[in-house]
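In order of appearance the chains are A, B, C and D, and numbering begins at 1 in each one.
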Amino acid sequence: MLKVGIIGASGYAGAELLRLLQTHPNAKVVAISSHSFEGKNITELYPNFNSVYSEILCDADEVVEKSELIFAALPHGLSEPLGKKCLELGKKLIDLGADFRLSEDDYKEWYGLTYSEPELHKKSVYCIPELHRGKIKNQSILGNPGCYVTSASLALAPILSAKAADLNSIIIDSKSGATGAGRGLALNTHYTECNEAFAPYKIASHRHTPEIEQNLSEIAGEKVVLTFVPHLLAVNRGIISTCYVTLKERLSEEKIRKIYEDFYKGEQFIRLLEPGKIANLKYVKYSNYCDISLHLDKRCNRLIVVSAIDNMVKGAAGQAIQNMNLMYGFDETAGLMMIPPAF
Amino acid sequence: MLKVGIIGASGYAGAELLRLLQTHPNAKVVAISSHSFEGKNITELYPNFNSVYSEILCDADEVVEKSELIFAALPHGLSEPLGKKCLELGKKLIDLGADFRLSEDDYKEWYGLTYSEPELHKKSVYCIPELHRGKIKNQSILGNPGCYVTSASLALAPILSAKAADLNSIIIDSKSGATGAGRGLALNTHYTECNEAFAPYKIASHRHTPEIEQNLSEIAGEKVVLTFVPHLLAVNRGIISTCYVTLKERLSEEKIRKIYEDFYKGEQFIRLLEPGKIANLKYVKYSNYCDISLHLDKRCNRLIVVSAIDNMVKGAAGQAIQNMNLMYGFDETAGLMMIPPAF
Amino acid sequence: MLKVGIIGASGYAGAELLRLLQTHPNAKVVAISSHSFEGKNITELYPNFNSVYSEILCDADEVVEKSELIFAALPHGLSEPLGKKCLELGKKLIDLGADFRLSEDDYKEWYGLTYSEPELHKKSVYCIPELHRGKIKNQSILGNPGCYVTSASLALAPILSAKAADLNSIIIDSKSGATGAGRGLALNTHYTECNEAFAPYKIASHRHTPEIEQNLSEIAGEKVVLTFVPHLLAVNRGIISTCYVTLKERLSEEKIRKIYEDFYKGEQFIRLLEPGKIANLKYVKYSNYCDISLHLDKRCNRLIVVSAIDNMVKGAAGQAIQNMNLMYGFDETAGLMMIPPAF
Amino acid sequence: MLKVGIIGASGYAGAELLRLLQTHPNAKVVAISSHSFEGKNITELYPNFNSVYSEILCDADEVVEKSELIFAALPHGLSEPLGKKCLELGKKLIDLGADFRLSEDDYKEWYGLTYSEPELHKKSVYCIPELHRGKIKNQSILGNPGCYVTSASLALAPILSAKAADLNSIIIDSKSGATGAGRGLALNTHYTECNEAFAPYKIASHRHTPEIEQNLSEIAGEKVVLTFVPHLLAVNRGIISTCYVTLKERLSEEKIRKIYEDFYKGEQFIRLLEPGKIANLKYVKYSNYCDISLHLDKRCNRLIVVSAIDNMVKGAAGQAIQNMNLMYGFDETAGLMMIPPAF
């Protein structure tokens, strides 16, 4: 059993990782830490773990020491020094934060920080498994993608890969459940403010924008600049991305479908819905699936791709485990075949 | 006091009309009807009316007979014969359904019906007050606009009026609360199916599409074809439309703002939000306001307009009263100055 | 017009007062204050007030100075010194907090504080209008009741007044919407913690317990000790209290009903539901009504009374206005005849 | 692998059974039926099963024929003839409906039906595993308990078993998520009617009452008559029962706790919460746990027990699997160790 630890286990992503890892056949959580709740038992914060998993939250150093693989769910800027330390000690790191996702230029422009450890980035890999699986070699650090990024990139990668899209036309209108905002208290996620409310936020300025553009540019083979607008949805979990792209020339629905089928052939976590069906976040919650549905607006020659993921699973903890599975040569689906409940 | 009646008072739009009209200074509800619940007291269906308004639901003929002005909230196809009857009896009709909204060509294409009473349409007017106020003359029939249509048309009219928009680029991504689907039972609005769920529906095929295009084409002075994608939102009330339009040439935020300010100068129900603020359906619920916020994606030279309305008020019953006020020369805001609650 | 001011206008109760007072025919808000947000415009905190009411939040002293009547929505312990000041300046005070609700013994036991201004309490009155209307004389200070207290006291007062209840048998199982917890951030009202959750809290230890007992003891003419268990409900507004009381002897449903009808004869805000109907918070939201339904469990000779109020209106701001109306001899319903929406 | 079939797989309980059984180590679903949706693929009704489980809904006879054990989730009255058939064919039946739960007297009084196959009831057993595990012998028919019944019986069994309760004092105030009302459309579970609403229903007249009384009477050793009031909660899943019982004499919290600890010693699905903690349905959702918290109202000498279950799991499908495990000698927890998510 691989010894894994979680730094930042008191946050939602960390707690979800902890939950999912309980049933993993090849990995065992040996330590968990929290900056804010050090010394408390995880069951104090998350009573769902009662009689399932009981452990005191320790400090980050102890996690690094005890674990072979460290998952970190930290605010940006904190994972670089952690990565350095892991490397020195011969440990591996999967970072659920933003530090290992972007080029230095983008990181600087959107996060206002330069790399503190530039050398580290040469030894790290960024990976949405369905798009970058082949890039994982022997790296010790893996940057786990953002939730919106996963949702949008998986929706649009095939049509961009087919060179069929007008690259100036891309609009991603995403809606995310409130767990995406984390466990930290804020007015917009205060119950009475969020309930029976709905609005976009960080319009055309969300930090996931450059990460989506990076993924799509790579696939398209040329620079993609797009409009990304996230909305806060009064549900606990799930992201729907409604993605709009004008086609360079007319394509039939069958042709478009074929492009997607070929692109995702053999992928176990991608469910391309049948014609006429529409992706709904309801049917992917608590699972690692990404549901994708394709819709052609013939009147406007515009393709509309709807993707649905659970932001905490395929958008965070599940994908991190999928990446662990790839890094260590485990079955890619190990610990991840949760069946989504319908209700 | 103007004697008004409501045909279809058992549905949500009808019941909301009934509620709002209770405080109108110039109109009094004298009869209400329901096809499905004839003979029942409205308080049986809507206990909120207990000790406020008690009346037996009669049949449509009785409403026509007793009223000077009839509001109809009926399935499409039923308002044309009703309109004929009203005209013959010298009554006026405000139709909240689709029969008097579209050209015959569009009506045929999107609803599969031809006009049954073509002459009637020459005597009717379609009116979003902020856009068509001047068209109301002495018509006896008024087609009240669709909810999504109101939201999208008000969001985009100014920029199209200024000839600043690339007319091929318009995308309207709307999200509506579940009252928009009405009181009729259906699986997608069954509580456990709708709660903690989210998805688009009728993608690029919703019947409000031609009505939005009709309004925007008229304003733009040329044919507009656009992509409209509605989503079902698990809240009771409200529509957010996130509207995307590429600008023909670069415009500053100030310039765009000026276009909107000038266009809506003096409008009492349009609240153009200050720079940096974002429209949220939370702040317009239970009111006749339409909140609009403007956002420029400079990287893509794309304008994003967010509009928020209460689908049952500005999107249906409130706007119908506003239209009544215009038809009869009452103060346009009479009975409509409800202050939205924040929570 | 009576000049009124609101101290603590940034909280939910204060903001609701501000909203409701906009339409009052005899009172006008001349100043609003907030300790935490002094200097901000109320529209910054509550954008629903845009184009309705715009005012800078000042400090409490300014409110006292400008107003004839002051409403205070403050944490307990702060209203006593304020009351003293009001009295010295010849102003009146309606306190929505706990300082003027309880006997000193109860206040000490449940809040851990002694009266700081004992003399003040002789000049103050506590008032649920339907129960204590007659006590209002020329007092300058009025203690506005708690939300749960209003709901439970109105449910049980008639049967206790009739001496028909076993006073050892009273159990009040209440469920309140999240506005009851206020605008302050807390983990249990964080959206993702409160949504799709449900539990009681402060079981048999909530501070509203002695206030309910005080009201019911007064009515019963002897000391009542009861069990009160509140629950946090994932809705924005409303309280349902399901109240259980064993009857001293068997009574018919008709007899019980008659007791309630007689007790609430002429009350405009009490809606005693017809036999077979059940009170639902849905039908009182945004209104000052208290709906009451009566249910007899013949098998156990137990009366079950269900009461529904809007915690922010009849449970706070609305009742405060009703009390103002009584204090100043205005029509008791002035500014309070809002019709609850059904959806 | 035991061959199991599900009759009534299109309903919520059936679909949940199907989902949970996918991971069972000893049982395999070989056929599923639906009266209303025969001929449709289950993935049409429940797209969550896409790429997980694909099967056409057949008729009930085919399920009986193919299976060794049949689970039935049917309206009451239909399981008796089915049971007869199963017995004749040497199959076993676990009935999630009401037919095998009650004595004939109670069945007649509360359901208005007599037993159609009286002999069958001698060969059947009713089982909440934690209370009746020992009764399972070689019966071929098992009556699976009601959801509210499970919640209330587990909450009160220990204190009644200890003869410490005043048997005339029992009140059970339960609140259930909307899946409890099933997939069938009804106005009270229409989204806009159920959302932001709350009320009790079937006050002191719900059909689960005699089943709770039957369980508690058996434990107490004398006839228990109690008041049971269910409420409809606007969440998808979960039941909270707040149970009130007056103690015959004063008992310390430690003593009461000891009673519960002893009673549930070794039970893997009962989580008795630590002093000071309160059961919340949030922490048992999607799991087979029953969380129980104990609270003593010393002022009234009243014990308040709060129990939380997932109505679809421990309250229906999970408990049915637990019963299957017992009937067949599988590990009692097989297929049931799902970890509840916290959010």
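Assume a residue touches a chain if its C-beta (ideal position, glycine included) is under 8 Å from a C-beta of that chain, and two chains touch if they have at least 3 such contacts.
It should be emphasised that the depicted structure is a prediction, and the values quoted were computed from it without experimental measurement.
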Path length in steps (a step moves to a chain that is touched) from subunit A to subunit C: 1
Chain pair with the higher count of C-beta pairs in contact (A-D, B-D): A-D
Matching chain pair for A-C (criterion: over half of the contact pairs shared, by residue number), options A-B, B-D or C-D: B-D
Chain separated most widely from subunit C, comparing mean CA positions: A
Centroid spacing, where centroids are CA-atom means, of subunit A and subunit B in whole angstrom: 39
Centre-of-Cα separation between subunit D and subunit A, whole angstrom: 37
Inter-chain centre distance, subunit B versus subunit D - centres from mean C-alpha coordinates, in Å: 46
Where subunit A touches two or more other chains, by residue: 12, 179, 192, 195-196, 234-237, 280, 282, 343
Complex interface listing, subunit B residues touching subunit D: 12, 177-179, 183, 185-187, 189-192, 194-196, 234-236
For the subunit C and subunit B complex, residues of the former touching the latter: 12, 15-16, 19, 22-23, 46-53, 179, 196, 236-237, 268, 271, 273, 277, 280, 282-284, 286-287, 289, 291, 312, 339-343
Interfacial residue positions of subunit D with respect to subunit C in the complex: 168-169, 171, 173, 175, 192-193, 195-201, 203-204, 225-227, 229, 231, 233-238, 240, 242, 244, 278-282, 285, 295-297, 299-300, 302, 304, 306, 308, 343
